[in-house]
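Next come two complexes built around chain A: one with chain B, the other with chain C.
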Partner chain A sequence: MSAPTLVKPAGQRMPRWVFVPLALFLGMVAFLAVGLQRNPQEIPSPLIGRPAPAFELPMVGGAGVFSAEQFKGQLTLVNLWATWCAGCKEEHPILMALSRQPGLNMVGINYKELQASELAGQDPQSAEAVQKATARSQAWLQKQGQAFGVNLLDMDGRVGMDFGVYGLPETYLVDREGVVRFKHAGALTPDVVQQKLLPLLRGVD
Partner chain B sequence: MTDFHMALRALVRAWLPIGMAVMATGVGAASPGLPVNAIQASPLAQSVTGPAPAAVPAVQAVANVQSEAPMTSAVKARWDHIAAELRCLVCQNESLASSNAELAVDLRREVRGLIEQGQSDADIRTFLVRRYGDFVLYKPEVKPVTWLLWFGPFVLLLGALAVALRLMRRSPAAPEPLTDSERERARQLLES
Partner chain C sequence: MWPEVGHLALIMAAWVALAQAVLPLWGSLLVQRAGWQTLARPLAVLQLVLIVLAFGALWHAFYGHDFSVKYVAQHSNTLLPTPYRLSAIWAGHEGSLLLWVLMLSMWSVAVAIFSRRLPQALVAQVLGVMGAVSVGFLAFILTLSNPFARQFPAPAEGRDLTPLLQDPGLVIHPPMLYMGYVGLSVAFAFAMAALLSGRLDAAWARWARPWTVAAWGFLTLGIALGSWWAYYELGWGGWWFWDPVENASLMPWLVATALIHSLMVTDKRGQFKAWTVLLAIGAFSLSLLGTFLVRSGVLTSVHAFATDPARGIFILLFLAVVVGVSLALFAWRAPQWANASQPVAGSRESFLLLNSVLLVVAMAAVLLGTLYPLIIDALNLGKLSVGPPYFERVFVPLMVPLLLAMVPGTVVPWHVARWAAVRAVLVPGALALLAASAWASWGAAPQDAETATTAGGWLTVMGGTLGGWIVLSGAWQIVQRLRLPGSPGLAWWGMHGAHLGVAVLVLGITGVKSFQVERDVRLGLGDAVTVAGVRYQLISVDNHLGPNYLALRAQMQVFEGERMVGTLKPEKRRYVSSAMPMTEAAIDRNLWRDRYVSLGEPLAGEPPQWSFRVYHKPFVSWIWLGAVFMVLGGGLAAFDRRYRRVHGQTQGQVHGQGAKFASPQALSALNAGKTSTAAVGALRTAVTGVKP
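For the complex of A and B:
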């Protein structure tokens, strides 16, 4: 009887597809690395590149009415603010500086100056409410500086909603065709102005 | 067949039906038209998502008097269905139905107005997405940009299964024969 044939298992080279899961994992790591560095509070605005929402609002002090149509033909910085907003107070010096930029129109929209708790069931469009909001708005700007060429009252917040406002302050740049080119949520900082806003202003001109 | 192959075959056999079920659920969740997505309207969902706006104390000034009255049951059903799918952008982990942020209150009033005007769910979603972007929806729309998000996991699962099956089916390579010295040594070991 011949000796039983014994075999040893053959050494197997690792097939190349074994690295596919590793590659996929590294791909996911890359996604995470990029994603984790982003600020989840910053919501990209769907308005960028689209015309500013149509609206018509009364000017503070009753000097008339301003409509979005008037954006055409000029470069406008639209700032949504309120006297109860701490960030608005912080950024106001920057707005004052920007108001001295030649060729830049400054439009302030005083968003919901009288908040729900203050209104306590009253109609925000009532004469009494408007009067109260007007007085506060004017007093605040008197003290902090007249940064706005045009100051508008958005008493019920509908125009703000059309702009996609979710917190104050918010700043938009609207070009000569009335198209929104830039949005910043939160108080403006010198960095944002230097790195994002000023280059745009130069580019648009 | 080695233990490893048997274990792998058992694993694949167990995961195949589970994978199918997950895929079917995923397709169901991705298609907004399916009735399963109306589960939001169940009493359980209501208790989770909080009271409807009609229960919110009327400190809100409303230009539209209609909104102060309680909602009809038809409107309420539609409201429950859609409000839980919408994100509050101020308190971003809360739904529009349950958040107490002032913007949420305003948006609830707006959405209720749209429902009462007869706008469809799709119209309402469009209204909000046009202003706030896709982030306002808890369920991102299934469009080319989000295909990876919706289908990626299932594609990965199927890929993994395919690899596992191929691994199973591959027959082991024929072993090399022993050299003479190795055979001699083996014979000595066996006969000892």
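For the complex of A and C:
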């Protein structure tokens, strides 16, 4: 091979087109860098700023029902969960900590505790199914901790659907007027609570 | 102890890679030190030995259930069958990267071995650049993605491998895909060597060709395996979903395809030099971009992997440095390679230029669609996703002219325009059009009340004609060539094999898009559904216990008329350690059609019913058969002896690559519009490079 050739090609002006690939690439890198700061999983809920959907559900193990009307007058954290959901177990210690927060009402909605494969054609509202779900729900909370002041059974998943649930767990903050102020899909993390939920709680108070 | 040995080997490999990057490049570019240049080969070998040691150590940990290694505990457990335990090594982020560097050093050693006849300085530069890429990845592994990290106390049992990955297709899909991705680093290293040294001649292009074709073959195989796996495992009956991760593998494939063809022009004609270098940089850059998109989690995808922002930033920086530096070097060097002469419209170069442009535009369209959600989000314009309709609407119109140019591109001569050469392949074209029309009207004949909507449409005629034309004119060219003395080179056969593959793929896509019948039904025991004239009767649904899963398994008897022709057993599996149920579709396949049944959810009600998807998919196997032909063609071409020659050769030795110049007699015969015998003779010269 010839002598070292790291020399600028002589006598040529740099045409502009040679910079096009570099410029396009740098533009793309800029977008990727911004994109890295965003979370594609974070999908804004159309419910934010609107009243929570109206519903009425039986409380687990207790007599009586809870309706969306009862959101009014106090700050409520609504958590959709199930015993078969791994993320729910993961976030439960955080819910336990939040349940000690004064002035915050904790409502759990046990969403489709019995899944289609378990029901095998059985009506999810039948006494047998409700009994089985109740037993499982209570045993799980006994073990993981009673984070919910009120625990509701959404056997057929209607209420979850009205909330627009993508997957479990999901958490909503409902203010004194019954308006949804915050939604988080997936397990709560200390970061989410510190940076989003707690500031909101202070603001709403 | 072995994990520590592996970790240490990896650290040493990083230093060896650094030496492999610095010394040969320094010794060939800044000072002339033959001694430093000759270090490139042994250093590449040493690096491979160390990385193999590390890989082996991780394998040992997986095999022996060493759950004190965090990565092992995250991806394997004691119930996992042995083959999946060993393939679990590339199920996660850390192991995937280790596989990446293993492949990279394997390609480096392959270059070191098969480049004995190449100039020492070029080998030193190529291996030096590959060493530099390796340094980046090893640094990433050692700082942010250490697969050997320990955890104490060790858990008694590991988590399971994602059930989606417990499948033979997925055992080999990632290694093949990575072989392709990483293999493109060789073409990239050749391009960088050319940019750094300023030397880019026909020999350079000739030596780069087999490496590019080999990497392209692996990439093709990897993509095809992924698509095949998605087809039978996801239970949706589809074979391509325009998922961001699929797109990430398609983009380098498109550019690598353009590169293969552009390299040929640089080799044969000494043209397209700057463009070839740009494509080589582009193909590997898109591999790196794919790695970034998959590993950083900036896009949502069914392949959503655990993500870590620090990792994303590292890969982005690495991408910016590698690609930024190479494109800056390109801007500096490219002016001297700018084409002096434009290709004559109608010459082979002009068709290959068209090929390049269309493929690159297609890549840009896919890139735009893939990144669009991210761009919109970054500009705070909202959240959206781009789906298959966009990709199909943009991609198909770009592929049609590409396919249309494939036949003339292989029959016209270099350098001059001679449309008469195309005339001889018009007969196969007319035959293909006839056959396709017959095909479309045959398919449109009602077999079933609910035949798919597009059956027999003009898209069927178009796809059938394009595919058929490529097949028939390829066959015609082969017949013409075999009547002549001498044997065409392997590359010539490879070209025809790969083009046949493209045609078969096009016919497969056309057939399945046009004639498939899909039915979503609910069935109880004893119920039957008729799809495309075939009756599927549900016999039983039972529980079935696998090694680490519980399955619901349905049995369906398949009747053609009154005759039972088989039993299909679709399953729904629930793996012990995962809540997500997995679909195992049952497929009865032959060359002409697949019968595809997947089992859905049990439905509420009495008596029990289940939802089923029953698909009749004509020609769907052709999609993967086409890929097989492409891979075989690429494999043949990679072994052409001509690519390993040091010196160029005269026209007479160019077997089957098309004549460089048509003979004056032939030209004048055509220009004068003489008898068909003369025209055919000239054509033969053009096609085969051998005078009749």
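Rule of thumb we're sticking to: the second predicted complex is superposed on the first by the 166 of 205 C-alpha atoms of A that agree within 3 Å, B and C clash if a C-alpha of one lies under 4 Å from a C-alpha of the other, contacts with A are read in each partner's own complex, and residues count from 1 in each chain.
Note that in this section contacts are C-beta pairs under 8 Å (C-beta built on N, C-alpha and C of every residue); 3 or more make two chains touch, one makes a residue touch a chain.
Just so it is clear, the structure is predicted and the values come from calculations on it, not from any experiment.
Novice: With the two complexes superposed on chain A, say which partner A:25 touches: chain B (first), chain C (second), both, or neither.
Specialist: second
Novice: In the overlay, answer first, second, both or neither for which of chain B and chain C A:157 touches.
Specialist: In the superposition, A:157 contacts chain B only.
Novice: Would you sort A:122 into first (chain B), second (chain C), both or neither based on which partner it touches?
Specialist: Once the two structures are laid over each other on A, A:122 reaches both partners.
Novice: Regarding the shared-chain residue A:34, is it in contact with chain B (first), chain C (second), both, or neither?
Specialist: Touch status of A:34: second partner only.
Novice: Indicate the residue numbers of chain A shared between its chain B interface and its chain C interface, in ascending order.
Specialist: Shared contact residues on chain A: 3-9, 12, 21, 40-41, 43-44, 116-117, 119-124.
Novice: Chain C touches which residues of chain A in the complex?
Specialist: Going by the criterion above, the answer is residues 1-9, 12-15, 18-19, 21-22, 25-26, 28-29, 31-36, 38, 40-41, 43-44, 84-86, 116-117, 119-124.
Novice: Under the definition above, what is the set of chain C residues touching chain A in their complex?
Specialist: My answer: residues 28-32, 119-122, 196-199, 274, 278, 281-282, 285, 292, 296-300, 304, 309, 312-313, 316, 319-320, 323-324, 327-328, 330-336, 338, 371, 373-375, 377-378, 383, 552, 574, 579, 581, 601-606, 608-609.
Novice: Sort out for me which residues of chain B touch chain A in the complex.
Specialist: Counting only chain B, the residues touching chain A are 58-63, 89-90, 92, 102-103, 105-107, 110, 129-135, 156, 160, 163, 172-178, 182-183, 186-187, 190.
Novice: Give the list of chain A residues in touch with chain B in this complex.
Specialist: That would be residues 3-10, 12, 17, 20-21, 24, 40-41, 43-47, 53, 112, 115-117, 119-125, 129, 156-157, 161-167 of chain A.
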